[in-house]
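Structures incoming, each one as structure tokens.
In the two assemblies presented below, chain A is common to both, partnered first by chain B and then by chain C.
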Partner chain A sequence: MSQSYNRGLIEDFGRWKEFSAGMWAWIFHKFTGWVLIGYLFTHIAVLSSALAGPEAYTETLQGLEALFVVRLLEVGLLAVAVFHILNGIRLLMVDLGIGLDAQDKSFYLSLLITGAIAVASVPTFMTDVGF
Partner chain B sequence: MAERYSSFTPGGTAWLLQRVTAVFLIFALAFHFFLLHFVNHAWEIEFAGTQARMQDLGYFITMILFLITATFHGVNGVYNALINQGLTGTPRKVVLAILVLASLALVGQGIWVAIEMRGGLIL
Partner chain C sequence: MSTQEQKPEPDTEPEEPESQEAPVEQRAPASPQQRRMQRKASNLAERERQAAEDEAKLEGDTVHLKVFRFDPEVANKQEPRFDDFHVPLERGMTVLDALIYARDEYDSSLTFRHSCRQAICGSDAFFVNGSQRLGCKTQLSELDQPVRVEPLPHQEVVKDLVVDMEHFYDQMHSVEPYMQQEDLPEGDLAEMRQSRENREKIKMSTRCIWCGACMSSCNIAAGDNQYLGPAAINKAYRFAMDEREDEEIKEHRLRIIEQEHGVWRCQTQFSCTEVCPKDIPLTEHIQELKREAVKKNLKFW
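Presenting the complex of A and B:
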């Protein structure tokens, strides 16, 4: 079943300047995946404040949301989630053999849409929060 | 063929389950983010609102499925990424055991929290 296999250039991060779009997509997908699974553990830990009672839950969530850095991290989390979703759809298409010739363009499009959604979300995420 | 990079061996059970969970997660993650950041705002969340959502059986079941599929998809992704980086033999078995235990703990804790938010499993 699973085994380690050397795919050449992509294992050699020192040669990142020579990486193609597909390689960057693979690296970004891995990075965003690590962030999302790390966040899932953190998310459940924070939500576990509900076990200490309704007040503890509300105070914990509203206390975190009052912090500017948390709002900033939420914009980052949205960007990470949007990219992982879009590139994930791209990977499913690649697996199905659909649009293989445009796989580099679809990566650039994923980045573009991710950036646009993240920027557009800033006013929503920054509502009622001070520096 | 166009270049193809993946941490998975194509055709295996892990490969298939990773893709099946991916299809569900595309919708679940987008729904979750949209509902709790753009329809309801995170800074306005109170326990009563969370409880009202969780008391909807369809929402409650969706969140439990979201937790289970996200945990599997994430941990399976991490495991295969580590194998891809050369993890073999005993260290591989130890890592697998740790990841399985961490996953069970996460899902168990998440379900416990979800039931607490709902105010009991059967209403």
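Presenting the complex of A and C:
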């Protein structure tokens, strides 16, 4: 027999329109997980400004909070964290074998709740924002 | 009670011959049976009319197939390409029917596996419009046109829609998919009984037809060639959960599936469950085996 043909990875992101709920949940969970790890490092970096004294710490935080981008990123961070928590609960249920038939619905529900909480948090995060 | 005694209605019998001649409308309050039969007859006529209408509507309609082609033995066909076929539609036509028509009428070199055409043999799993489906079980009417038919992803293409299933079969065999019970019941013709509850428990997992759709849809199996894959793990589930095998054999089975490339690779994307043509809850079975494996390892005594 002559050689066969390897088509490689077919289901790449070019086919994102054909992804199902479970696939999206997996992708979002990975993505939000990496974002949270990334945030952990910046979090430690910001907090360690306290090593240079309380004034430096206050100044750093006030400086950051004065930036519009930082406020925007905070809303994003909250959304990412909330989704990761909710989908984590969903995955816990899947691991326990509870409600596997409703796994797509629970994914949509966690998306919905994430969106609602992110929107509701906007007034809190965006008060006295300086441009 | 009294209503039951009144029930015998002798007058319905003699009316029968009369009602056949008389116009149906006049005899509307006939016996319940007559009314039922009348309703059935009119429903049937309606259905037949509908069917004839559908047939007429389909007359001249064609379905546009885009089929993946590759032939390593012909110099001009070694570069994979898509061929277009316009197949006349029929009522209830499946993807496999259309492919068979295309092969018989247009291009006899079009190659694909098929056998029983009723979702039992499991040889005609294709990648249709971006998801793994059985050709014989997929109605063309529920697909968007043009219908893209490709060989199963993540397997080597041998020719056209035929993929190399060897690796899939290897994985299936690696979980030892056969009964291993050695203590058989006494007596010549003694049966090995299984409880009804246990039968229900493994029922879905016995329905696997080895079509390979799940393995092909699995993202993890695509990246990790050694991963057992949903079908093999489902096979392991079918035997591990069977009460007719002893505890030691179950433990032996769990040792196979809890290896590095076993159940723990599954990240619950539900892709396999989504595409399984026999609706086997594959993810559920994999998750249950994970729990069984943990329980086995937590036995300290």
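Just so it is clear, the second predicted complex is superposed on the first by the 120 of 131 C-alpha atoms of A that agree within 3 Å, B and C clash if a C-alpha of one lies under 4 Å from a C-alpha of the other, contacts with A are read in each partner's own complex, and residues count from 1 in each chain.
Methods note: a residue touches a chain if its C-beta (ideal position, glycine included) is under 8 Å from a C-beta of that chain, and two chains touch if they have at least 3 such contacts.
The model shown is predicted, which means the values in this text are computed figures rather than measured ones.
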{"item": "Which of chain B and chain C A:73 touches, first, second, both or neither", "value": "neither"}
{"item": "First, second, both or neither for A:18, with chain B first and chain C second", "value": "second"}
{"item": "Chain B versus chain C as contact partner of A:58, first or second or both or neither", "value": "first"}
{"item": "Which superposed partner A:113 touches (first chain B, second chain C, both, neither)", "value": "neither"}
{"item": "Which of chain B and chain C A:103 touches, first, second, both or neither", "value": "both"}
{"item": "Partner chain in contact with A:35 - chain B first, chain C second, else both or neither", "value": "neither"}
{"item": "Touched partner set for A:94, first chain B, second chain C, both or neither", "value": "both"}
{"item": "Chain C versus chain B, contacts on chain A by residue", "value": "B"}
{"item": "Shared contact residues on chain A - chain B and chain C", "value": "1-5, 7, 10, 20, 22-23, 25-26, 91, 94-95, 100-101, 103"}
{"item": "Residues of chain B that touch chain A when the two form their complex", "value": "1-10, 12-14, 19, 22-23, 25-26, 29-30, 33, 37-38, 41-43, 45-48, 50-51, 67, 70-71, 74-75, 77-78, 80-81, 83-88, 102, 106, 109-110, 112-113, 116-117"}
{"item": "Contact footprint of chain A on chain C as seen in their complex", "value": "70, 72-73, 80, 127, 129-131, 150-151, 153-154, 156-158, 164, 217, 219, 222, 267-271, 273-274, 281, 283-284, 287-288, 290-291"}
{"item": "Partner chain B, residues of chain A touching it in the complex", "value": "1-5, 7, 10, 20, 22-23, 25-26, 30, 33-34, 36-37, 40-41, 44, 47-48, 50-51, 54-55, 57-58, 61-62, 65-66, 74, 78, 81, 85, 88-89, 91-92, 94-95, 100-101, 103, 121, 124-125, 127-129"}
{"item": "Residues on chain A engaged by chain C in the complex (per definition of touch)", "value": "1-7, 9-11, 15, 17-18, 20-23, 25-26, 91, 94-97, 100-101, 103-104"}
